[in-house]
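So that we are looking at the same thing, I have put the structure below in structure tokens.
Letters A, B, C and D mark the chains in the order given here, with residues in each chain numbered from 1 onward.
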Amino acid sequence: MKIAVIGSGSTYTPELVEGLIAHGSELGLKSLYLMDINSERLRVVGGLVGRMVAKAGNSFRVELTESRREAVAGADFVLTQLRVGGQQARHTDTILCLEENLIGQETTGPAGFAKALRTIPVMLDICKDMRELAPNAWLINFTNPSGIITEAILKYGGVRGIGLCNIPIGIQTRIAQQFQVDHEAVDLEYVGLNHLAWVRKIWVNGQDVSAQVLSSEQYQAANIPELSLPKEFLGALGMVPNSYLRYFYLTDEMLRDLKAREKTRAQQVMEIEAALLEKYEDSHLADKPEELSKRGGAHYSTAAVSLIRSIVGNAEKHHIVNVQNNGAIVDLPPEAVIEVNASVDSRGAHPLAVGRLEPEIRGLIQHVKAYEELTVEAAVHSDYSKALLALANNPLVDSVNKAKRLLDRFIEVHKLPLE
Amino acid sequence: MKIAVIGSGSTYTPELVEGLIAHGSELGLKSLYLMDINSERLRVVGGLVGRMVAKAGNSFRVELTESRREAVAGADFVLTQLRVGGQQARHTDTILCLEENLIGQETTGPAGFAKALRTIPVMLDICKDMRELAPNAWLINFTNPSGIITEAILKYGGVRGIGLCNIPIGIQTRIAQQFQVDHEAVDLEYVGLNHLAWVRKIWVNGQDVSAQVLSSEQYQAANIPELSLPKEFLGALGMVPNSYLRYFYLTDEMLRDLKAREKTRAQQVMEIEAALLEKYEDSHLADKPEELSKRGGAHYSTAAVSLIRSIVGNAEKHHIVNVQNNGAIVDLPPEAVIEVNASVDSRGAHPLAVGRLEPEIRGLIQHVKAYEELTVEAAVHSDYSKALLALANNPLVDSVNKAKRLLDRFIEVHKLPLE
Amino acid sequence: MKIAVIGSGSTYTPELVEGLIAHGSELGLKSLYLMDINSERLRVVGGLVGRMVAKAGNSFRVELTESRREAVAGADFVLTQLRVGGQQARHTDTILCLEENLIGQETTGPAGFAKALRTIPVMLDICKDMRELAPNAWLINFTNPSGIITEAILKYGGVRGIGLCNIPIGIQTRIAQQFQVDHEAVDLEYVGLNHLAWVRKIWVNGQDVSAQVLSSEQYQAANIPELSLPKEFLGALGMVPNSYLRYFYLTDEMLRDLKAREKTRAQQVMEIEAALLEKYEDSHLADKPEELSKRGGAHYSTAAVSLIRSIVGNAEKHHIVNVQNNGAIVDLPPEAVIEVNASVDSRGAHPLAVGRLEPEIRGLIQHVKAYEELTVEAAVHSDYSKALLALANNPLVDSVNKAKRLLDRFIEVHKLPLE
Amino acid sequence: MKIAVIGSGSTYTPELVEGLIAHGSELGLKSLYLMDINSERLRVVGGLVGRMVAKAGNSFRVELTESRREAVAGADFVLTQLRVGGQQARHTDTILCLEENLIGQETTGPAGFAKALRTIPVMLDICKDMRELAPNAWLINFTNPSGIITEAILKYGGVRGIGLCNIPIGIQTRIAQQFQVDHEAVDLEYVGLNHLAWVRKIWVNGQDVSAQVLSSEQYQAANIPELSLPKEFLGALGMVPNSYLRYFYLTDEMLRDLKAREKTRAQQVMEIEAALLEKYEDSHLADKPEELSKRGGAHYSTAAVSLIRSIVGNAEKHHIVNVQNNGAIVDLPPEAVIEVNASVDSRGAHPLAVGRLEPEIRGLIQHVKAYEELTVEAAVHSDYSKALLALANNPLVDSVNKAKRLLDRFIEVHKLPLE
């Protein structure tokens, strides 16, 4: 059993490794390959990982490599957590969007579009390596925009892949805390696309607690009152929206808020990461540091490791993941990638049939899915026209002129090979 | 053969009557009932109409009435061109929207939503009268938002109805002028919803001239440069967008433009109408005055009368109208009302199968259709929650908070009975 | 304007020519190319055609040729009425089926399957010629099984094609006689596949006469009582079934009837044709002889010529033809070929949206369509496995063992290149 | 925890009880209500059940009752295994069908149609009791035709229900024996309707063994050679058909076989049951007797008890059951009941998305589903016309005349209240 992590220089990696240490023997894990093109970060993060694994008794081997082919060869699982262009590219995209008076949002927004264009060619290269060197491996994608990337992989990559996001498990955890139960006692009827999803129903230990959650004080209140949704709207909706929906539900307010900030999220993350990496350098440190929680991506380890456990153990357990629709949502094309409950066994993730969508969520989901489909085509075929149509169809972009200017700037600063 | 016109006080009416005079004997028209609840406008407009018909030889009878039941009883066609609340309500809606920094747009925008909520109950009352007093009559709806109103009629009215818009015939006429042919020589492959439609292909005398039209100077230029679409976008799209799409494609620019205007469109129309009505009072006038062309609604007469001619004559001719989808657009619910080419005969308007939509137009159409579906439900059931969900799903409304505030204001000023 | 007729040696040809003579000048017809690989029949039939055209004043030129490429080159319309293997192959197929205690039925039955396998490769060759030599021509297919052949053409031929059948116009004519009106006064709501269709509604001069037709004596009676459908069934169905449906609705009775006959239909036709051809040899004959009516295929000329007139004249008239579904029937794949009302103009045949099918006809249509889809794949790819799956899925074949034996015999006697 | 078994006089019941004894404490089972309207059989079967439970230590209470309401009141699970009219009605139906030269087949055939008409009203009465007396209970239906009955329950019963069949678990068991593993090590990709399903893929311990199973001797051979499918067909199909498909794949051969038998299956079962009941009377017997295996219905206990365990334990395990489609099979209506893999937890059975069906199985499934849909409507609304349309649409009925005669005989002998 071999696991390869592409983009291991991420400061997340110790969190993932913590999970692998806890469950490595159950999984039969023999070797963990950490791969990154940034040798310095790989050395620092890899150093901490090595100390963590050693402290835990060295139940599996850790290898550091800058060769993607070496990492992938013979792997059973390839985890992708790479970030093409790094936080600097994210910062640039955000600024370019704000200059157009637009929210960047590196997943569902125009910054996410730019990230998809940069990332999809790299992901398809990884798929090519996998087809050659690890044809039976699973690709577990954590790279954002996770839904779009996964759609590109499943349509054009020729490998078995599942897209992962830490938001669903975050919702489960929050509700588990509210009801003081373990997060595995919480079941969600979850439907939509990555970062564009709704929880239709919530059960705790098999009891439907949806109404209770929707009407609870702590659910309805937000720190910044104007960034919370009117309770009449939540009542009418009768579902819990994924927190990223605030970019669509409160576009105007969120834009003001983002413009008022002194630093972009990318800048904040760069500072957090610098501090973290300094910490990781400490040769006495052999545990995931507390500060990592500020980085975002909480529960990533739990989500990824429990998914791998279900595949390896043929467990048939439910996971909320990004998979090919295949009819599960009647109102979307069968080939589209969606984020829903899926039953995971050794053959993969099988989405549970959802049926028809309520009109109150159907339209936005269909709109964004059409944008995503165009984005995949633009990236895979390096097609300028498709890219322009895609960006103009993103609901957060309120002008085709802006779409045109932004696309041209993205091409310029990231040297995208669109034609 | 009896035709009833509901909302005859409209200054449009002489245009319609001009068409009926030209084709009345072909249609076998015996009596024309002009109905309005505004007795003064009915008197003035009706006076001019009477003189027009007399001048033309009195081939049919003209009756003025304030009784809708009298107008409808035994009619073969009921034409609805009413405006609940008049231009004053339109002005109010526009201002309320602008105060929220939103485009009002009385068809596809939030002002159109308010208009639908006011209008649908009245339209369903007319349907009730028709079921009782003229069960075989055709309802030809010209009242905006024409697509939403027609969907309400076809889902809940229990009558035979067709929705009409003057934009498609306007596009045909413009292209006919460009190619110096009669407008009947122009065929359009037209697809979408009312005021949210695209021309996929254009033929003149059976020749495909789509590429020629798309690349022509006069097509691409607009009076106000920033309100024109980038030519790269039009090239990528490869279709001619309905002019109302500029509210979606250039939301930001249009909003600035609207805010910069001194008067709302409603105020302009009120002034035009006052001048027109003064003119109509002139007992020497027995023709449609030239000034009516400023009012908008050009080609209304041509569209309505030619549609009636196709029904009466079982002609099987193509008309671009609002009809029940029935599968013509695979990506929309069969029950949805769409605006497409339909073959019209004595049994009604049969949409020609369109097939699947291109992703570049699919998402926005599906999004707006979900909004429209919710709006119909809200109006028919006087349901506050559905109304809030509808308005929050309108792509022109960039905040659920704004949706909530606007809805509450609409309810207040128009005394809408939502619960 | 040039028309090419492939398979002109058919004894039908004079009927077609009669129609072309009547409407040739309206169509602007300049030359008619009659092509057949059977030089003797071409000489005989062509001789009569020449005399017919001369008698009518030689308004267009008639050319006889054995070269398909010469016939097709520069044509505006290519009409296909060929029969690969002739009536002898039909006779053989019928006998092979009867030996297995199966109805052959050269359209929807296993004999039709064999005919499709023989014919599709030839039709795709014709399409190849057309793409090269007449890329803007229309292919009007009259060759049976018309629906399957047309699906092969539209999926794999790369040309513009429409499939034609004389049954719908036959129903119209019969009803026109019943109501003593012209057949153009009869409108049908017609839905299904070629030879597997139902008339949902019937209108005469715009009046719905469906109930009247369904309950009429002459509709319900048949010459052979046991071959008529129970009136309770027709009442429950509420539609008029295409006469070919008796093979599915009365499989057992039809099989007994066919087995009791002394001659196959192919043998009868061979005798009729021999007599007809003898007649055609008569150099004094310059008209379509009366006896042609026994041949079947009545109204073929009317159907074909009126279809061509609608295309040439951009008439937008309704014709019941075989076209790509494109969503018109919600319950079938968009790519399937169906037989429904279509509006025909210079761009082709646009099916009118039908919507969802009633379950009482839906299942059989879907079943036969799946069989047809497999048959097309088998023929296009010369695929034995697909052919076996196809034939085993034909509802008239009551055993997979029989399907296997029959397929092997078809391959043997017709030297089919399946693998 | 209370379980009610409706139709407990069945000789199957001891098998079910055996499973409940084994897992009763895990389920928290407190009381088992055995209900039947046949007091004599209830006494005999109930006597044996009482002795079995006593021998096992009386971990739950057994109550015998003729009152359905008493049995249902407060139950957590209601198991239905009733047979309206008993084996005598089955025998009658079979004979009536054979007299028309038709296969009866009490699930997918015309005898199954008659059984559905008798049974659905009773099942909806049970649902009524459940809505009143046990609104949170699960209805586990084992009564045939299980798919049709379950569709009636889910469309019209207003209760939570799952339909069960012992065939899928039988296939798993057979393959488990072939590979010498436990049946839980076998996973099937199973798709279709009850008794009309195919195994697309087979895995043993996560390894795809489909090709191996399909090509194995023991799979391809049958005791009666002419009742086996040609190996070329199985190769072309590439799936394992449910054994009941031989009625459709080998209609002719099966009919000959059934006609040649001396006794109907119903008569055989009556003899087996008489012998079993005599055995059950033996007051020394406290175990399920060996002879029960001849009765059919093997694995029933395993299937039912493991399903209940997954619900109670919120296990998310896969079970092949009859559930509402909800999009899982793209080619069938969302409301249809299908038999597929479903993930079962405390909220019910969630079908895994299947996607589009291959044409080689699609047509027959759609055909039978249309028949089933009509049968449900006929039974629920006591509608003669729907019943006639249903039976005429059953692919095993080769004549509408036969359908009419059979239906009239079913009505007569079973006093069905159709109008």
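By our rule, a residue touches a chain if its C-beta (ideal position, glycine included) is under 8 Å from a C-beta of that chain, and two chains touch if they have at least 3 such contacts.
Values in this document were obtained by computation on a predicted structure and should not be read as measured data.
Chemist: Would you mind naming the chains that touch chain A and likewise touch chain D?
Modeler: Per touch definition, common to chain A and chain D: zero chains.
Chemist: Using the average of all C-alpha atoms in each chain as its centre, how far is it in Å between chain C and chain D?
Modeler: Roughly 44 Å separates the two chain centres.
Chemist: Averaged over CA atoms, how far is the centre of chain A from the centre of chain C? Could you give it in whole Å?
Modeler: Going by mean C-alpha positions, chain A sits 56 Å from chain C.
Chemist: Taking each residue of chain B in turn, which ones touch at least two of the other chains?
Modeler: none
Chemist: Please list, in label order, each pair of chains that touches.
Modeler: Applying the touch criterion to every chain pair yields A-B, A-D, B-C, C-D.
Chemist: Over in the complex, which chain B residues touch chain A? Could you list them?
Modeler: 101, 226, 229-230, 232-233, 235-237, 249-253, 331, 359-360, 362-364, 366-371, 373-374, 377, 384-386, 388-389, 392-393, 395, 398-404
Chemist: Which stretch or stretches of chain C touch chain B in the complex?
Modeler: 187, 203, 205-206, 314, 316-318, 325-330, 334, 341, 343, 345-347, 350-356
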